[in-house]
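Next up: some structures, all given as structure tokens.
What follows is chain A paired twice: with chain B in the first complex and chain C in the second.
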Partner chain A sequence: MIKLTKHTRFAALLLCAAATLMLAACSGPGTGREQGRGNTYYGNAEDVETVNSAWGSTDIQMTAERMAQSMLADPVISEAAAAPKIRLREVRNLTSEHIDTKGITDMFRVQMMRSRKVRFLADNTNMGEVMEEREFTESMTRRAENKLMSDTDYILTGTVRSIRKQDADRADVYYQITMELVDPQSGEILWTEQNQIRKSTDNRRIGW
Partner chain B sequence: MGCLHNNGLRNSGSRRDMGRTALAVLFLFAALSLCACSSRVSTDDIRSDLAADHLAALTEKFEEAHIEHHELVTALNWARALQLQGRWQESITAYNYGIEILEEYENRAIINMRGILQTTGSILLTRGSEEYFGTGYERSLLHTMNAMNYMMLGDFEGAAVEMRRMEIRQEMWLAEEAQRLQQFLEENKGNYDGDLSSLPSGYSMASVLNSPEVRAVAAGYQDPFSYALSAITCRLAEDYQYAGVSLRRAALLNENARELFTRAWNLDDKGKARNEEWHPRIPQLPPANHALAAGSSGTAQGDSTATATASPARTTQTTANTRGKAQKDGQEVVIIVMSGLAPAMHMEQVRIPAPYIGYLMIDLPSYVSAVRPSLPGIEFSGLAATTGTGKSAGRAASATSAASAASATSGGTAHSESPRPYQLLNTELLAYRVLRDEVRYEIGSAISRALVRAAVSGGAYAIAKSHEDTEAFAPLIGLVANVIMDVFATTTSQSVRNWEMLPAAGYLCMGSVERGGSVRIALGHRESEVTLPPEARGVVIFVSQTTNATMRVDYVTY
Partner chain C sequence: MLHTNPLNSGPARSFSRRLAMLLALMASLVMLAGLTGCGGRATHEYADNEDVEVESIQGRMEGDLMLVYAVLRNSSSDDVNDSVYRVEWYDADGFLLEQTSWRPVKVKGGAAMHVRERSTIPGAKEYTLVISNDSRKP
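Up next is the complex of A and B:
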């Protein structure tokens, strides 16, 4: 049986504590972070995504669907004698996130086009390519046909704004998406709709 | 007795083995720490590589360091190095790595074991056990710096997004600081500056932290440069409301910012643009007297050597008389100069003699002074005024010089009215203010680390002293154990780093040239000239210089 003096026991205890702390200290910076991912698999694109509170696929889907339903139900479209021609203008990103707002308008346009109640003209994104193609085939077409491209009944604009708040316990983000259908001749706003999204994230109480 | 004696011998042998094991364990950890805590790019390497203009090689080192350590600082240094080469998109990616790391840290559990372990390690053993996630000004400036990438790509909306993120971060710190400040004021009976006379003797930062300049800085996170840049960026992104908010904040924080915008945007005494057709595009500034009253708590952080001393009202009057007709056909010029390198943080060791173990080592965070190169000279040819918004592409022009000083004087057609650079960012003062605010906590944890090291070394001394055959060497064993602990603490503390590639100073210069005019930027024998395409409404010129040997000029027209 080994008998240790009081001093020796204390010293041994200190050394053990130091060793533990050294291990903790050495494993401190730059570790414990995920470097790789697990298995890859296909998921449903329409599933609700809540990986974090940042703008995501569900927000795009919700917004585009709500906007499309609202516009289709509005008399400006539903009671129009002929399907009006619309040009998508920019939906401006006024948030504190890098949101590709084209994702919203593209999905919105797909849903609207499926209804066959409206027609869309080329927008800023593909206008350049359309013009190039027209110039290429200019000799084959009449100049007057260019007028058809600028013959817009309505233009569609919008904004995405956000308010983000955070404290030690939780983070909250509020998105406000507004879209407007404007008559470019009179400047009259014929339709407007707003979608609001709130996402809250509670910080875990205890974790690694 | 014989039995007891025998037991005593066995015990003595076991204790001897234990003593040896303990020392072996200490050596092992010292060796482990040497292996584990190396391979970061040292401050000396960074500064010498930049002085020799070996930026590409330095970028590779940063990339390797980031892949290995995956820390905020490694990501930010890498991002800034890419930015200095005009590799905007890659720089955005690297900044995003940094933002990702920061957000992961901010979203950790309220009680997270990693944080507890690291803080415990920092308080009891080595400061290097705590990962650095940046101070307030670094966290907000990373968005400002990233905004420059978007701006140089001609993406003003993306730049505006980064400026909004910057502002959110500043507000987060404001909320945190307000609570801490309130608590501090209550504890110190309203004396915000407090008494720092009890700093350890031999600590090199003692005089700096007590200097009036550092004491005068309102907070270690609010920089008027970012707000001023936000006003410019958001205006270019056509978010005039937000531009106005940023403009007012910049002006409240710093009188130089007020004067800059008053001159450049030709604002009257009430802070409104004189030219009515500009009103929708020029955010309104609060009147000067209001700003002075509201801004009394904030102190200008600029360098007075590069700024005008005239009162804002007088300046406005003068510019109004000399401008006017040229305003309609002028092209805006915004020059952003980011100069030098921020002070570099490291751990400073103060050693005090102590019995049995040789000495006590107190390690405190300290800074190596910032690198402050000479300011480039800026000349406008064909001085006019300001107007317009919109956007288009741009390209880069770079210049490298062998060195030499250039003054902040301006040439052009109207010398007395030439726009001049205003210093709105001084990271040295911000860093020292942060350290001043935290130095009491740092001293507390440094003393606790020193005591733990002393206790471990004292333990080794006690073990040696308790054996007959090692008793004579006990002081040496105590000293050796102490040196091992010292080496361990010093080596692991090499990870205590701040964002060393951050500029030391930021200047803004705004003016205009007549359509098709040019702007000349010179440093020493090298110069860059930007001639504005007549169809552009304006140009944003980004001048980067880390040392006197390097200068890079990039621009984007809109």
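Up next is the complex of A and C:
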């Protein structure tokens, strides 16, 4: 039997401690997850959402994509000599529920910008920041190019309406989303498109 | 003495000619199969079952954007309420350029439904219409 001296035992202990530390320090890049105890998981943002009949992500996506496809096919855009400049105005929510219509126009603008067939000017949501930056730049350079800011070819407006009906067993909601491209000089409506959505919820339960 | 090549004799020459024709025909068939079977991406595919089927589908370029037009048909007599579809757009190299969100559709029993989708990014050369009728079904 091998008899270990006091120094040998100490060295072995030190070696074990060092190995443990090294394993802990070099245990790889990790899993990239911090998971709690609940059942939270990521879904696909583009999946159809039918939790209830209220306005939802699928309605935003369908509307924005439909509108973008329609406008890109219209000769006002597809046959324009140069990419026209558009300013987003308000899409008014005339329904009884809260709908953030900026969600529609933001997604619409992203789709349209990717096509590179139109240009967008700052709208109400970021006009304040743009004006601050302009004033700063103007004060620094003494240049006044105010015309560029107001040089809008078209403005985009719209409405969201709904009709909601329900009884004890079912609920039905009809959404009508209309968008219009208007020439601000003449007031002429150059393009318009409508998207209609019907959602029904059946509350009946099988059983007794 | 006249020596003749057996292959140049009547029956042998006829056989070799037929063999050559057969080989040429087979080569043509293989090439045709290659052109039709492996000639690009499938125009449509089913994510699960086929309650609603693609009756016809075609795509064309409109300027630099691609338009897809398809007719879907519910071949059964029951309504299909949970069908969804999306269109994927691919560039010339087969890279996914963009895709639509899933579109929910309700197709009445025996009825047809017309689908019209347009790419919004220039450069799409191929497309695939993906249909998922109801993922809960086997």
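Annotations
The criterion applied here is as follows: the second predicted complex is superposed on the first by the 163 of 208 C-alpha atoms of A that agree within 3 Å, B and C clash if a C-alpha of one lies under 4 Å from a C-alpha of the other, contacts with A are read in each partner's own complex, and residues count from 1 in each chain.
Just so it is clear, a contact is a pair of C-beta atoms (placed from the backbone, for glycine too) under 8 Å apart; a residue touches a chain by one contact, two chains touch by 3 or more.
In this text the structure is predicted, and so the values were computed from the model without any measurement.
Shared-chain residue A:D47: touches chain C; no touch with chain B. Between chain B and chain C, B touches the greater number of residues of chain A. Of the two partner chains, neither chain B nor chain C is touched by A:R170. In the superposition on chain A, A:T58 contacts chain C only, with no contact to chain B.
Of the two partner chains placed around the shared chain by superposition, chain C is the only one that A:L72 touches, whereas chain B remains out of contact. In the superposed model, A:S115 makes contact with chain C only, not with chain B. By the touch criterion stated above, A:R92 is placed in contact with chain B alone, chain C being left untouched. Once both structures are placed on chain A, no chain A residue is touched by chain B and, in the other complex, by chain C. The part of chain A that touches chain B in the complex is made up of residues 1-5, 7-8, 10-12, 14-15, 18-19, 21-22, 24-26, 28-30, 32-33, 35, 52, 92-98, 164, 166-169, 171, 201, 203-208. Listing the residues of chain A that touch chain C in their complex gives 46-48, 50, 58, 61-62, 65, 68-69, 72-73, 78, 111-112, 114-116. Those residues of chain B that touch chain A in the complex are listed here as 7, 10-11, 14-15, 18, 22, 25-26, 29, 32-33, 36-37, 68-71, 101, 104, 106-114, 117-118, 120-122, 124-126, 128-132, 157-158, 160-161, 164-165, 167-168, 172, 175, 238-239, 242, 452, 455-456, 458-460, 462-463, 465-466, 485, 488, 492, 495. Residue ranges on chain C touching chain A, taken from their complex, read 62-63, 65, 67, 84, 86, 98-104, 117-118, 120-122.
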